[in-house]
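Look for subunit A in each of the two complexes below; its partner is subunit B in the first and subunit C in the second.
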Partner chain A sequence: MPKNMRKPAAEMARSMKELVVQVVSELNPSLADPVQIDLGVEAALYGRNGVLDSIALVSLVVALEQLIDEEYGVTVALADERAVSQSSSPFRTVGTLAAYAESRVQEAKRS
Partner chain B sequence: MSPRVTLITGASKGLGYRLAEHYLAQGNQVIGVSRGAGAIQHERYAHFEADVADEARVLELFKVIRSTWGSLDHLINNAGIASMNHAVLTPMSAVKRILATNVEGLFLFSREAAKLMRARGGRIVNLTSVAVPLKLEGEAIYAASKAAVITLTEVLARELAPLRITVNALGPGPIATDLIRGVPEKKLNEILARQAVKRMTEPKDVMHAVDFFLSADSEMITGQTLFLGGV
Partner chain C sequence: MTTDLRQRIDRIHQGLDTGVLSLSNPRGRLVPITRSALANRDDLERMTAWRNKYMKWFFTQFFATPAATEQWLASEVLDKSARLLYWVEWDKRRVGQVGWKIECDGVAELDQFIRGEPGGPANLMFMAEEALLDFLFRTAGCMHVIAKVLAGNLPALELHRSMAFEARRNIPMKAVSSDGGRRFEPTDEAGDTYAIELVLDAEKYAKAGSRNG
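Moving on to the complex of A and B:
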């Protein structure tokens, strides 16, 4: 398909936020204190106010990496130097994780 | 039951090659990695050419493992390089090369392996060296890189224990491979003299210890470093 042609709506890849919501929803049943996914992008994941411990975060990140690969055909490692930072970690909320993952996908596509 | 999947870095020659043959003989699916072509033809052997510290390439490799075999049971971080030289005469290019392969590559493989192993647990074995406890002169960066391997082993063991992944290190004495090709015989004999068992390490000595770490019964054995020869 030429670059300037858009895919029909039915084939459009899902948004990164939808992917994050899917992996969080799949993770939730295994959590004693589930992520409040109905809060949308504001739902807290990790760090201050977050409900995930470091092992749950590992599961979430790995599941998201795999889903990104399946959905977009791009291999990314979502490791980040600020992962455990309380204030600027990209893993704070559904919204920050989606934005960060999106930026990593764009980066991978450019390289 | 599908065969156990064993990933071995530095598998084209030396100890890695012998380890690959050994685990093929045990019925495992073996995936070998090295910078050059593989030397084994076997229906259960797959070779992947990669620099172990090349993140993009390594991510591709793990993608292939996931799509082809679905999971990973064992990782043997065997790839390692050395550059025997007095510290004062060691170029920074050698320092960077040794740390990239021996430390960065090992970490990268461990990180990605843990992602694949998290569903059903796994075993990671890291190759370190008697150069660490013997504080070998002329091997400053090599020994430092292998000391880093021991520390990584100990910390990763704790971080990965909740995922039922064990991480151990094995430190052989000198083995007749390319790694020690440039080491003078007098120097080798001095090293052997400091071991309790004063002979070269044979590949079978290494395999015996790796078998122990990989065993399904070794779930309580983690964060340990085993030196061969009584160092």
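Moving on to the complex of A and C:
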């Protein structure tokens, strides 16, 4: 499906975790130390124990924002002040990022 | 604290004190940028290329040249006894830079964090910041360390937060045209963007657990 086309309403949207795993899988070949996707939600992303450097983090966030737009039809900015205001970083693991992105999508749908 | 620290910065700038900081992984280290860099074309070109690459995350945004970098390095860093920049080295290869400056007595501000090019582990800048904070709190006697980051600079925000920094306030910033580029200045009105000021105090740093703690 072209990137600028959203999924038909009747087609079941994938879970946020699936979207995060997809963008991580696409990023992995470019990483010297790939994200261990087989660890599931515990797979480390960015931080003291993470495997993403700063450039990879930005690439991941941009790709996820695009995929969310395509999949759910909502525009979210994952790298704004609300990310920083979280008590702990939402970018630590696949699970924390999926949970944070999901919360932002729900907010966007309500507004 | 400040007088001793300024004297040491002067000695480091002149190459009379190495001032090298080790990282938790012995393959990495922070090497102060000294006056010798002014005569090193490779160093000036390296710093210039990195700054241009990450221009959007600086408060002053313009297309830098090696000559402009040389002038800035001399006048804003090496001629001042209140500021130190370091190369981030991995296996003795320069892959980034970090820095700090004395904000006021007992307070230092982190700045000029750039991961310039690939090389070393993904968490290299985390190790670099740990080493700087250990130096600033344990050796230099700082009570507070602050950082000001433009909104949207996610890697820097997350880097600082992982060290237990907390966002203290948002500062509205307006864009002002300047010398063929632009710079962001604080404003009392609605800004074009904002900066986030983060702070870490010595007590919290000790509780959070430094790398040697």
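The rule is short, and it goes like this: the second predicted complex is superposed on the first by the 93 of 111 C-alpha atoms of A that agree within 3 Å, B and C clash if a C-alpha of one lies under 4 Å from a C-alpha of the other, contacts with A are read in each partner's own complex, and residues count from 1 in each chain.
Basically, a contact is a pair of C-beta atoms (placed from the backbone, for glycine too) under 8 Å apart; a residue touches a chain by one contact, two chains touch by 3 or more.
Keep in mind it's a predicted model, so treat the numbers as computed, not measured.
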* **Side-by-side fit of subunit B and subunit C on subunit A, or clash** => clash
* To do: Counting touched residues of subunit A, say whether subunit B or subunit C comes out ahead.
  => C
* Using the touch definition from the top, say if A:46 reaches subunit B (first), subunit C (second), both or neither. => second
* Asked: Does subunit B (first) or subunit C (second) touch A:89, or do both, or does neither?
  -> second
* Asked: Does the superposition put A:79 against subunit B (first), subunit C (second), both, or neither?
  -> both
* Asked: For A:33, is the partner it touches subunit B (first), subunit C (second), both, or none of the two (neither)?
  -> second
* To do: Check the residue A:13 against both partner chains and state whether it touches subunit B (first), subunit C (second), both, or neither.
  => neither
* Figure out whether A:58 sits in contact with subunit B (first) or subunit C (second), or with both, or with neither. => both
* Could you say whether A:69 touches subunit B, subunit C, both of them, or neither, answering first, second, both or neither? => first
* To do: After superposing on chain A, check 2-10, 56-64, 92-100 or 200-208 and name the one in subunit C that bumps into subunit B.
  => 56-64
* **On subunit A, the residue positions that both subunit B and subunit C contact, one per complex** => 54-55, 58, 79
* **subunit A to subunit B touching residues, read off their complex** => 54-55, 58-59, 62, 65-66, 69, 75-77, 79, 111
* To do: Please name which positions on subunit B make contact with subunit A in the complex.
  => 55-56, 59-60, 63, 66, 111-112, 114-115, 118, 159, 162-163
* Asked: Any idea which subunit A residues touch subunit C in the complex?
  -> 31-33, 46-58, 61, 79-81, 83-85, 89, 91
* Could you pull out which subunit C residues touch subunit A in their complex? => 115, 118, 121-126, 151-152, 154-159, 161-162, 167, 170, 194, 196
